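Following this line, the structures themselves.
The same chain A turns up in both complexes below, where it pairs with chain B and then with chain C.
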Partner chain A sequence: MNAAVARVFPIATVVAAIMIVWYGFTVYLNAPWQIERYEKAGIEWQMEDLVRDTMALDRPILPAPHQIAIEIWQTTVEKKITSKRSLIYHGGITLSSTLLGFLMGTVLGIGLAVSIVENRAMDKSLMPWIITSQTIPILAIAPMIIVVLNSVGLTGLLPKALISTYLSFFPVVVGMVKGLRSPDPMHIDLMRTYKASRMQLFWKLRLPASVPFLFASMKVAIAISLVGAIVGELPTGAIAGLGARLLAGSYYGQTIQIWSALISAACMAAILISIVGLISHITLKRMGLQQ
Partner chain B sequence: MTAETSSNAVINANGLCLTFDSSDGPVHALKDVDLQIDKGDFVSFIGPSGCGKTTLLRVIADLEHPTRGSITVNGMTPEQARLERAYGYVFQAPALLAWRSIERNVGLPLEIMGISAAEKAERVARTLELVGLDGFGRKFPWQLSGGMQQRASIARALAFDADLLLMDEPFGALDEIVRDHLNEQLLELWRKTGKTICFVTHSIPEAVYLSNKIVVMSPRPGRVADIIESNLPDERPLDIRESKGFLEIAQRVRAGLRQGQL
Partner chain C sequence: MTGFQTLLSRLGVGAALLALVSGFLGGGSDMAVIGGSLLLVLAGVRHVYGILPHIVIDLAAGLVGMAVLLVVLASGMGADFWWLLVASWLFCWLAVERGMMASTNTAMFSNVILLAVPVFFGIWIIFVWQMLAVGLDIPMVLLPSPAQIAVRFMASTSVLWADFQQTFLKAALIGYILGCGSAFILAIIIDRVPFLQRGLLPVGNFVSALPVIGIAPIMVMWFGFDWQSKAAVVVVMTFFPMLVNTVAGLQASQAMERDLLRTYASSYFQLLINLRLPTAAPFIFNALKINSTLALIGAIVAEFFGTPIVGLGFRISTEVGRMNLDMVWAEIVVAALAGSISYGLLSLLEKQVTFWHPSNRRNHS
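Right after this comes the complex of A and B.
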């Protein structure tokens, strides 16, 4: 009981602090517009009217947390999943391209890392390009990818997933290269005294040693896969996905919709990272790498 | 082979030199080392840091290559000997693989050599018993104390039955009490198995207690200062270290080390 309190208390404190600041800003930022409305209508207003009304605007500059919560409730629980207005529908579309992109990014990242560690020429020639690839702003390159792939007939899930892949392979390469090179020189000498082949050195030493590094990278990779998927949904003409909800919301000044999509994306990221963290924990524990 | 080389020489080095290139110019890790180690010897290499004792062990193991001179291991080049898996090597640290249980660590060399699962299990069990770790096979390295981990690494070196055991300061990081205990066990193991053991240390009592031959080395350049044959009985209780014979040998080793410093 006490342990649970000790874990929840710090988080709850921070959440409470954020809520207080958020409500404060809701009133502060929405007040000028609300006051203008009172004056136009010639309404006498008190401070408590202002506080109440600024938290209940249709298109506030900053919606109150409970408005977002209600919006999320209405667009998830109270809408059919097949509805175009369901956040679960849009979230599912984003999630599928996130997961596909993450999977491809991880596989690509591991493949590149192995070739870099096992081949000197690859090490020299690939690494600079991999680093360069990440210096290009994703917002600039995402529409290009979508447009180019659309013109060759690739639409829907794959182009978006490729943007996720483009972002997520990078931490996997970097982490995996470090992991594959992490064995102590002593361990490498040890394998040498056994006349271990290159393959045995890889499978029995380098690969298992890299597993903790891989999981650390995958946590970063899955979060930016989600970012990639959302960015990938922006230039598709706002058809579907959380990115589309964000874009549509900003076209029509639907700030509550924007914020509810944002919060949903953040929750999804948190859940995805937790799942990878859990798999990591279980795997490392079974491998004896975590006490 | 020269005339004085007996046929049961396990290691035979003649005029062995090894120079490392560094930014401050060449470092003479080994210079003109002549050495013969016979079958069943327990040889200690002792000297201050930088005297080349570890380098010499690594040359025997084909982990370093001499720049000049010749060396044979079991009558072969060190590389051939390594490829024949002629020796087991114990490092300064246990160097166990953290993701493998103790029995899978000990079984690692057998796995690499492609030995059948049944024989592997049998040999792992036997060697774990030999080092007093029976019952700990399913533990992970982090669940064992430092001394037990080092015993596991010795078991791993013994698992594939090489006749030669190369040990590089295996007990250097352990406390005195554990060290005494492991020294006793190592001696018993040596008597039981009749293996040839090369043992690097910087402790005089350890060298005198364990070996029947002590190679005293001196630094810059690394060379052999003295080779002392010990006449202590094979049966050595720990309190032999207070005996007159023991102290005399220790005295000679100390004198050899001091002379090497000049």
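Right after this comes the complex of A and C.
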């Protein structure tokens, strides 16, 4: 009990501090615009009026946290899921391409890692280019890739998922290569004394040893997949998805909409990461690898 | 000769034979393709039977295949062309495979080979891209060929330089320095206050996994269209990875080592500079390298939400709209070069600073 409090208390303090600073900035940033409004309307105003009104603007420069919470509540619980204004609808679209991309990225990453570990020529020729591939700001050219893939006839989920794949395969490759090489030389020698074939060495020693590394990479990969999916949604003409909500919000100056899309993306990331964490925890425990 | 090499050479012979057969069946095939295929068949048979087993011959066979392909390259190539491409690729792979074996056996050329292999692979990627783009007649609006991109790159260096200045030198670099610098300072402060450490680190970890890029439209609203808003995005994107890594790094020194320095009566700052910062260096460089890519991404993506009429992101989004894909790719080359070079420079610096780290020590095994 005490340990839990000792863990949660500092985090809660920091979060509370962030909230206070946020509210402070809400008043500070929105004040000039609100004061201008008062002066135009010729209203005498007090400090408490200013504080109250800066937190209730329609299109504030910085919305207050409770405004965002209300907007999220309205667009998730009070709207039908099929509605175009429902955040659940948009979130679902982003989620599906995130998961598809994550899945493809993980499979691709594992495949590449296996071939890199098993073949030295592949290692030497592929590895530098895999690292280089990530220095290309793919997110930045994601919109173009989406447009090009659309004109080839690939529409809908797949182009966005491909962006996520490109981003998510990298941590998986790096983690898996490390993991497949992690077995102790002692253990490898032991397998050799058992006259294990290369396949047996792989299935019985290398692969199990790589599982903790795989899960650690998958946590990174799923977070980055989500980023890929969101950026992939930017150029689709702002049709659907959290990225489209961001873009539409920025076109029409709907700051509350932008922030609510942003916060729900953040929550989604947190939930996805903790799901992967949970699966990892259970798996590692059953494998006896949990420390 | 390993089984895998034999497999490669057999497949190579097979592909070259298929190129020959389809060349004769198709009729009207280029003499160069037929000659090249014949040569590859001979080279492959030679390798399978172990006559003149010098690696140079395998490499030469692959290179001759490439040269023939380059010479005959035109739009709408037949099956023989593609089979020859496959055969040359297999021979080059065989040469690389054998080079790798040689590099483990002889120390003399090993460094050269280890450097040459990835370069050769890169050349092959560009080569295949050129073959596919021209040979399959892919329209430029989908995928321009490397040659077209190179021509466009050369023709518009001044525009590219202006975009590079705006996006890289102003937005990304300034944001990067501010973000990493402030995170570094905050990390050192946090390190002194355990309460903040326990509170801020989970939050920092959480934020660095978030789609921070989403704040780009907000920053553009706050800081205007010019590079300041992009730099602000970069600051936020680079801040948390740097913070989390630096704090983790500062804790990396061992209690023994700290105790030793304390027995020398070292002050906090002496301890920091002589022990804790050096042990934190690998972590810090890790963050710096991650951030070098993030900074460029942040700066470019932020430009999609509004920008003056210059910048890599602006150019990419407008030229896509005008279907000038060669220009878009030229910008991508600039971005990729900038990203790779900064990553490379950081790695080099890392090797200089953390020369003592196990991963940088030369392996004498």
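The rule is simple: the second predicted complex is superposed on the first by the 281 of 291 C-alpha atoms of A that agree within 3 Å, B and C clash if a C-alpha of one lies under 4 Å from a C-alpha of the other, contacts with A are read in each partner's own complex, and residues count from 1 in each chain.
Methods note: a contact is a pair of C-beta atoms (placed from the backbone, for glycine too) under 8 Å apart; a residue touches a chain by one contact, two chains touch by 3 or more.
As the structure is a computational prediction, the values presented were derived from the model and not from experiment.
More residues of chain A are touched by which chain, chain B or chain C?
Tallying touched residues of chain A, the top partner is C.
If you stack the two complexes on chain A, which partner ends up touching A:S274: first (chain B), second (chain C), both, or neither?
Touch status of A:S274: no partner.
Could you say whether A:V227 touches chain B, chain C, both of them, or neither, answering first, second, both or neither?
A:V227 contacts chain C only, not chain B.
Answer with first, second, both or neither: which of chain B and chain C does A:S83 touch in the superposed model?
Touch partners of A:S83: none, neither chain B nor chain C.
Tell me which partner A:L139 touches in the superposition: chain B (first), chain C (second), both or neither.
second
Taking the contacts chain A makes with chain B in one complex and with chain C in the other, which residues are shared?
none
Please give the residue numbers of chain C that touch chain A in the complex, ascending.
4, 93, 96-97, 100, 104, 114, 117-118, 120-122, 125, 141-143, 195-200, 202-203, 206, 209-211, 213-215, 217-218, 220-222, 292-293, 296-297, 300-301, 304-306, 312-313, 316-317, 320, 325, 328, 332, 335-336, 339-340, 342-343
Within their complex, state which residues of chain A touch chain B.
Of all residues in chain A, those touching chain B are 184, 186-187, 189-196, 200, 204-205, 208-209, 211, 287-289, 291.
Can you name the residues of chain A that touch chain C in the complex?
Result: residues 6-7, 10-15, 18, 29, 61, 119-121, 124-129, 131-132, 134-141, 143-144, 147-148, 151-152, 219-220, 223, 226-227, 230-231, 234-235, 242, 246-247, 249-250, 253, 255, 258-259, 261-262, 265-266, 269-270, 273 of chain A touch chain C.
Tell me, which parts of chain B touch chain A in their complex?
61-63, 82-83, 85, 87-89, 91-93, 95, 97-101, 108-109, 111-113, 140-142
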